[in-house]
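Got a structure here, written out as structure tokens. Questions coming.
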Amino acid sequence: MKSDKLKFFAFCLAVLLAPLPLSGSYLTNVLVFVGVNSILALGLNLLLGFAGQISLGQAAFFGLGAYGSGVLTSVYAFNPWVAMVVVALAVAAFAFAIGFPVLRLKGHYLAMATLGVGVIANIAFNETVDLTGGPSGLSGIPNLAIGSFTFDTDLKNYYLVWGFALVMILLSLNLVNSRFGRGLRAIHDSEVAARVMGVNARLMKVQVFTLSAFISAIAGSLYCHVMTFISPTSFGFNTSVELLTMIVIGGFGSVYGSILGALLLTMLPEILRTFNDYDIIVYGLLLVVMTIYMPGGLVKGVPALFRRLTPKKAKEGANA
Amino acid sequence: MRKLITTALALFTLLCLSTVAYAAAPIKIGGLFAVTGPASFLGEPERNTAQMVVDEINKAGGIKGRKIELITYDTVGDTTKAVQLANKLIKNDKVVAIIGPSTTGDSMAIIPVVEKAGIPLISCAAGSKITEPVKKWVFKTAQNDGLAVARIYEQLKKEKKTKVAILTVSDGFGSSGREQLKAQAKVYGIQILSDDTYGPKDTDMTAQLTKIRGSQAQAVICWGTNPGPAVVARNAKQLGLKIPLYMSHGVSSKKFIVLAGDAADGIRLPSGKVLVADLLPKNDKQKASLLSFIKDYQNHYKAEGDHFGGHAWDAVMLLKGAIERGGDTPAGIRNALETTRNFAGIGGVFNFSPRDHAGLTKEAFTLVEVRKKDWVLVK
Amino acid sequence: MELLNQVSQFVISGLATGAIYALIGLSFAIIFNSTGIINFAQGEFVMLGGVLTILCINALQLPLLAAICAAVAGTTVIGLVFERLAIRPLKNATPLALIIITIGASILIRGLVMLLWGKDTQALPAFSGNDPISVAGATLLPQHLWIFGVTILVIVGCRLFFHHTISGKAMRACSFNPRAANLVGVSVGRMVLFSFVISAAVGSLAGVIIAPLTMTAYDVGVMLGLKGFCAAIMGGMGSGLGTVLGGLILGALESLGAGLISSGYKDAIAFLILLLILFIRPQGLFKKGETDRV
């Protein structure tokens, strides 16, 4: 447990110092989005990596958070912080309500149902033109502010988003090691066995679904205040798939793996740009090859690879 | 050791020489286009055209002896990526101006970025929201949707048709058109009897058209980009819809006629003049620009230049003019852009002013009709 | 009377679209039934069918029928390669890993087609003209009849294959219990390969016969795949006829929703009904319930 705390502090330090060498570079801006995606990936990983419940509609909660905050602050002039809390609670309540019927389903049926929720939400963003601006988007969303201090630069937003991300990470770490977390993993391994052992599997699944929706909604609120403009294309099926990919690449059921996945996938376009128009092919290939040869994601795969190649470095690599 | 010194010396001389040769560093401009993704039909010709125009300018000696360097990135039509890439152009590449993005969504998303950084942006997207209200640093070359709508309504009014049905695609382009269609209807005394939409990937629109067939509409106006409108045209023919079908400028390329086949016959649409350049009278101001654009594009890419590429042509040429008059600083370029008058480009004759950063009138559009797989002007 | 005519048009157009969903749904079900895999690259097979046909006509100057055969054969080979390279290497994969692999493969195939073929939408000429036919107050195109005809042929073919041939029966055995099938001498690996081959062929055939109506481009597969998946789920992911009915119902609902309620929300209506079916009858509309094996 002590090493866990140490790891977290080291990570905090890394987050704190990361923008310094980048001063003024646009990479700070990219890291802001890495932060948003980290929160999203973390939310999904709780559901998928720990409880083993697939969701292809995570973008719906992200979008509801973003549109909720966006509409309340730009149209109805709510205080952004109040809006963020109200929206996150409302989204969580919504998730709780649909969680019962949705999570009764398993495997590909669950995938299809969550996908359906995602598609319906996206259509709603597109069609409620009077409220959301429809496909041409919603602009004029204010930046977040504390008193007269406005989060209006990349650096300020970076600390804002990562502040939230760190809180979420801490929350997840504690959750994973709690009684609740152990229950979740039991469901993941065998739901029937977990039930027999007295875990209220159904309720727990809904609870973690709700939590994951809550976290995604917060990420949505942050995203809309950072961007100050949102449009429905950011909350479609592709986004849900991208989030899934982050977890697969980073590491299934690993808190830091989610962050790593978010970092890699958000930076990937930068790296792939050297491939010019071929980037989409490399992206697809990466997904297939990674899943076949590194099913645990980088967090588990890379240390394993290290161990095989250079036995000495094993310890270093395994610290994720 | 000696060898090393010689190499170093050689390198040093080379370096000196090269600095002399490039005493004037190139002027960097950025381009953001949706080269892949759902809006690639816009982004690809735009990027190609921008690169072509910049190459031509450099071949002719650049601007006041300085070369232009165009740095383009692909936004994939994703607003988040557009924002990141706009930041990259401004902070890392240190460009003095940005051309694009291709879509209204991407443009709206990066407006806060360029406004804050004070970098002039010439958007190639059509949404009128981009320059209404006027933003200090934002200009655009694509004709406002509103102008296209006005051109259609004017024609309907001339023919004393007052009842229409509209069918728009549910993406940025379609919804912007839908807004304009509804907003301007009253001005022209037109009544919208049915207001339907279809999805960008829909494959069958007979349901919507059947509904329209049952209404009293005297014309159908469909707002979308390929391939949707081609499907609408084919479905309309299948259903035997007798009333005239109007399309938007979103399909004003030969491609539409190819896709819709026989069903395209008789369809009318407002189009930039590039489509009918050779039919224009000799005294048309734009004719010279249009013919040179079409010729250059044919030489470079062995394909027909369309009016989407034209948006980028206009943007680069406007920028060239602004740099010639206002220098190579962002502020200088912006001020020179705002005072641009009578620039006859591909999209129309531009007249920017502090109150108008779109710069076009509805004369930018001509109404054309498809007849025997070709365009004719509607009188 | 006018309304009645309209409704009949909605239903008939909807059924025509639905037949396509049914074919794609069937191709989903074939793979799922012998492997338990939901192949998210299924839509790309559909896309390949149309794209390859047009390619064969334009580049190789083949006559229509030959081009179609070549395209279906080509897609089948791609399905075979896909199974060998992406599915076979994985042993004991979780459903999730398979979902991600097939999503990755679909991105890959789409990207390759985009680069090799371009981003343009292209049309295939109709098989037998474009003169509308009048049926019960509604109009149809000859191509719609092709769609219905091919769909029926494929259903009958599948039925005969799975119930009356040794290979078909072996594939069904694999779906019920792979281990038991293996024990009685069925090569499960070969059956998996087989299912990908058949599924790719059916999917691409669907792509070919709608290309004249809807045109085709590198990115048409996503939405068609999703709708086909929907149809298969509605039909309970397996029972051949159930999937077909699922597709037809989905198509009709979409068209009726667009015509009578709201065209903007038509997909939402379809998915909402899908969700309701999942909640109330997760085993599909036409299938008896099963108990979980532990």
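For clarity, chains are labelled A, B and C in written order, and residue numbers in each chain start from 1.
One rule holds in what follows: contacts are C-beta pairs under 8 Å (C-beta built on N, C-alpha and C of every residue); 3 or more make two chains touch, one makes a residue touch a chain.
Treat the numbers as computed from the prediction; the structure is a model and nothing was measured.
Chemist: What pattern do the touching chains form: line, ring, star, complete or other?
Modeler: Shape = complete; every chain linked to every other.
Chemist: Out of A-B and A-C, which chain pair has the most contact pairs?
Modeler: A-C
Chemist: How many Å are there between the centre of chain A and the centre of chain B, using C-alpha atoms for each centre?
Modeler: Their C-alpha centroids are separated by 35 Å.
Chemist: With centres defined as the mean C-alpha position, give me the chain A-chain C separation in Å.
Modeler: Taking the average C-alpha coordinate of chain A and of chain C, the gap between them is 32 Å.
Chemist: I need the residues of chain A touching at least two other chains; which ones are they?
Modeler: 126-127, 277, 280
Chemist: Of all residues in chain B, which are in touch with two or more distinct other chains?
Modeler: 36, 170, 197, in rising order.
Chemist: At least two other chains touched by the same residue of chain C: list those residues.
Modeler: As it turns out, chain C has residues touching two or more other chains at 114, 222, 264, 267.
Chemist: In the complex of these two chains, what residues of chain C are touching chain B?
Modeler: 2-3, 5-6, 9-10, 13-14, 16-17, 114, 119-123, 130, 132, 139-141, 210, 213-215, 217, 219-220, 222-224, 254-256, 258-259, 263-264, 266-267
Chemist: Flag every residue of chain A that touches chain B in the complex, lowest number first.
Modeler: 24-26, 29-30, 33, 126-127, 129, 134-137, 139, 152, 154, 227-231, 233-234, 269, 273, 277, 280
Chemist: Flag every residue of chain C that touches chain A in the complex, lowest number first.
Modeler: Chain C residues touching chain A: 32, 38, 86, 89-90, 93-97, 99-101, 103-112, 114-115, 222, 226, 229-230, 233, 237, 264-265, 267-268, 271-272, 274-275, 278-279, 282, 292, 294.
Chemist: Give every residue of chain B touching chain C within the complex, in rising order.
Modeler: 36, 38, 40-41, 44, 170, 196-199, 201, 203-204, 206-208, 210-211, 213-214, 226-227, 230-231, 234, 237-240, 255, 258-259, 261-263
Chemist: Quick one: which bits of chain B touch chain A in the complex? Just the residue numbers, please.
Modeler: Contacts found on chain B: 35-36, 73, 77-81, 83-84, 87-88, 90-92, 104-105, 108-109, 111-112, 116, 127, 129, 170-172, 174-176, 179, 197.
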